[in-house]
Amino acid sequence: MSTVICPGTFDPVTNGHLDVIFRAAQMYEKVIVGVAKDSSKKPFFSLEERISFIEDEISGKNNIEVESFDSLVVKFANKHQAKAIIKGLRAVSDFEHEFQMAQLNKRLAEKVETVFIMATPKYAYLSSSAVKEIASFGGDISGLVPKKVKSRLQARNGVGG
Amino acid sequence: MSTVICPGTFDPVTNGHLDVIFRAAQMYEKVIVGVAKDSSKKPFFSLEERISFIEDEISGKNNIEVESFDSLVVKFANKHQAKAIIKGLRAVSDFEHEFQMAQLNKRLAEKVETVFIMATPKYAYLSSSAVKEIASFGGDISGLVPKKVKSRLQARNGVGG
Amino acid sequence: MSTVICPGTFDPVTNGHLDVIFRAAQMYEKVIVGVAKDSSKKPFFSLEERISFIEDEISGKNNIEVESFDSLVVKFANKHQAKAIIKGLRAVSDFEHEFQMAQLNKRLAEKVETVFIMATPKYAYLSSSAVKEIASFGGDISGLVPKKVKSRLQARNGVGG
Amino acid sequence: MSTVICPGTFDPVTNGHLDVIFRAAQMYEKVIVGVAKDSSKKPFFSLEERISFIEDEISGKNNIEVESFDSLVVKFANKHQAKAIIKGLRAVSDFEHEFQMAQLNKRLAEKVETVFIMATPKYAYLSSSAVKEIASFGGDISGLVPKKVKSRLQARNGVGG
Amino acid sequence: MSTVICPGTFDPVTNGHLDVIFRAAQMYEKVIVGVAKDSSKKPFFSLEERISFIEDEISGKNNIEVESFDSLVVKFANKHQAKAIIKGLRAVSDFEHEFQMAQLNKRLAEKVETVFIMATPKYAYLSSSAVKEIASFGGDISGLVPKKVKSRLQARNGVGG
Amino acid sequence: MSTVICPGTFDPVTNGHLDVIFRAAQMYEKVIVGVAKDSSKKPFFSLEERISFIEDEISGKNNIEVESFDSLVVKFANKHQAKAIIKGLRAVSDFEHEFQMAQLNKRLAEKVETVFIMATPKYAYLSSSAVKEIASFGGDISGLVPKKVKSRLQARNGVGG
């Protein structure tokens, strides 16, 4: 069975991430969304919240699962016998960083490939950090993130909802 | 009346920033320099100092004003009925970040455009952080920033002046 | 009066070009679309056709005009007393080329600025040459170019229309 | 069955192309190498030769096939009910061009994705045109292309072999 | 005598850094590796350790020396009457940052040039921070750094060695 | 003796090329400017003219020579026992192309390094093709190329001089 890993911090998941996840699920038999614990970066949302936001969006999709991981991505991939890691590319700066990561991961685990798909244009400018910054100023983030994420961000920023 | 906003942290203003501001003032009837309070980044200079450095340089220019803001840039633009935000582009990395910001701002306020002008070559390598780093090592920053900024940087770094 | 020049070969005009032209017309009092004769590149459409495609789309817009030119862009800008040339940026490769052109034009005519606006995401992948290539293989170019351009491209490629 | 298309002009196929093709064959059940007739670019090698060079290298690999095409890539993909087109990315300039092509192809055929894998570092600098240029000066291209390609290039350049 | 400076934080030195240093030593009569004290970044390894890792690798090479510095790079270069600073370039993002630094350094010391050599492909994805991250997850860093660095990283991460 | 090769088509030499050549001559004992015959590109100026433009500018400089070549650059370098090829970098697109060439040349001749210096900002936008295009429209190219080149370009374009 062809399984792919879609790893990230997802702090929080955006509609751009979901677009990549759903497109991956059209191409592969199984997609496992890997949520990094990422203790060094000090995420804004807890691991439980970050997972829960994704679970809400994938409920009903039989070939998508979500799971946390706290290791090298390639180990997480091997644990699930995934042939590939899938990532979305938005811009040249993404490309350079991902190129570096893909080469390193290839070196750490020869059999795990990293495959990329291009971000859908309307999400090409979207990032978790941009969403958090807009929300912190009370800007409207409808359409950029799932509704539940929007509510939680507004609550965290002291906006009624 | 055609008004544009020229936003930034200006920590401190450089001769590259001033070049963009003065060129904007040749093209538009009014230029409002917006100095971001930017509490998260912990600026090196206080908001008052950052504004004062700019005020010294624009005194006598009738169509340039400076004002602080603590909101989304597009709200600041709307408050002044500005049709556009103007930014200087120095390099590919600027381009990518600004592209993202421009698309997000367009989404937040459809009627506010972001327009870009290219940095003058002799300032293309100049940034506030580079200036601060050079000054911290006692390097010569004449010609990179206004004289008053140079004096204050030297004073902060314990150099006589 | 604030006039800007929007120059190009427009072989043929795409919906991406028109998006830039119409957004420019919101910001400036007058927009003059400059169609380069460009004899060296041997355009696919004649100068008359390229102008006519644009005229059809701007009819009824009072502050947009179209005119051919066969000189340096800065001379065309000076002839119309335009303060600026406006260009759309789609990608990093655009950025580099336009950066070079903007610096050269600044050197040739100090008072003519080049200002840039970012392409709307849904048109960020669009170019005249891509449209021509797709049409040559009988691909569907609806929504990428004005209807009249589509018909003419199909006719030139021997597709009924 | 999961099928992918690996399209190109392959004029001639390099060891970098073959690396992408073989890695794709590890991930997907079937890989169809699509050789573009590409009459406008006037290839150096005939279509037959370009196909034959690939056939020699994939003989014995059961899940790789080679076939010419003379249409939009997405039509070729649909003909084979391929879910994806696979491409190798070497550099930022590749990225930009491929990003544009992927978005256009997505628009022409919503269900056909383009996936990318990063070139293996030792082939990241390799291109068909570089190989042809080196060969034209009598430089050594061993290790850059299959042996048969090397012989034919030397023969075409008047070098014994 | 032609002397070049090869500056960096080297936290820790990687095989990619050593490749640049050894290639420089083939071209110039003397190479001085400058290890920045860099108090602001809070290096993972102490200055003494960072220097010692390099000393071990250059022992026996007569024209390579290592020395710490705590000033502008150009002052360090002038102190050694070096005509040039040499840096390795791996990617476009390196290029942009180094371009900026080279222009600033040229401004601070007209006579000191910065020269660049391209990273060897197999090290093009390598960075000190990537090495530290992999080691922190217990990944294998053999071949990416000298053996002694590997041992120390494993010890710091609580892995026996 | 440390010799470097500075290769190019120089069609025609610009003040940007000369800046690179003169800076190289400060760093190395001998600089040999290699002018490629380049029959495939059909240069605008003859090989004799391209060499003569450079000879005029380097007369009196004892450590700079000019010579044509019609082979791989690395063979030309080996012929002169040059340890390095030196190139100027202006922009990201230069970087990518030069990166590819440097890696290929390293593969063809292990002992010949390619070293890069960054273009002086005021020449960063300058290219031989831009100069020819401006001249063809009668634009002013003073300060971009040597006087003799300017005269010849004007003569070729039918402008008195």
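The letters A, B, C, D, E and F name the chains in turn, as written, and every chain counts its residues from 1.
The rule we apply is simple: contacts are C-beta pairs under 8 Å (C-beta built on N, C-alpha and C of every residue); 3 or more make two chains touch, one makes a residue touch a chain.
As the structure is a prediction and not an experimental result, all values here were calculated from the model.
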Third chains touching both subunit E and subunit A: B, D
Intercentroid distance (Cα basis), subunit D paired with subunit A, Å: 31
Centre-to-centre distance between subunit D and subunit B (centres being mean Cα positions), rounded to whole Å: 48
Cα-centroid distance, subunit B relative to subunit F, in whole angstrom: 38
Residue list for subunit E, restricted to those that touch at least two other chains: 92-93, 96, 99, 103, 121, 124-125
Chain pairs that touch, as defined at the top of this document: A-B, A-C, A-D, A-E, B-C, B-E, B-F, C-D, C-F, D-E, D-F, E-F
Residues of subunit D that touch subunit C when the two form their complex: 71-72, 74-75, 92-93, 96, 99-101, 103-104, 107-108
Footprint of subunit B on subunit F - complex, ascending: 92, 121-122, 124-125
Touching residues on subunit D, where the partner in the complex is subunit A: 2, 23, 26-28, 83-84, 86, 89, 92, 95-96, 98-99, 102-103, 106, 111, 113-118, 120-121
Residue ranges of subunit C in contact with subunit D within the complex: 91-93, 124-127, 130, 134, 137-140, 144
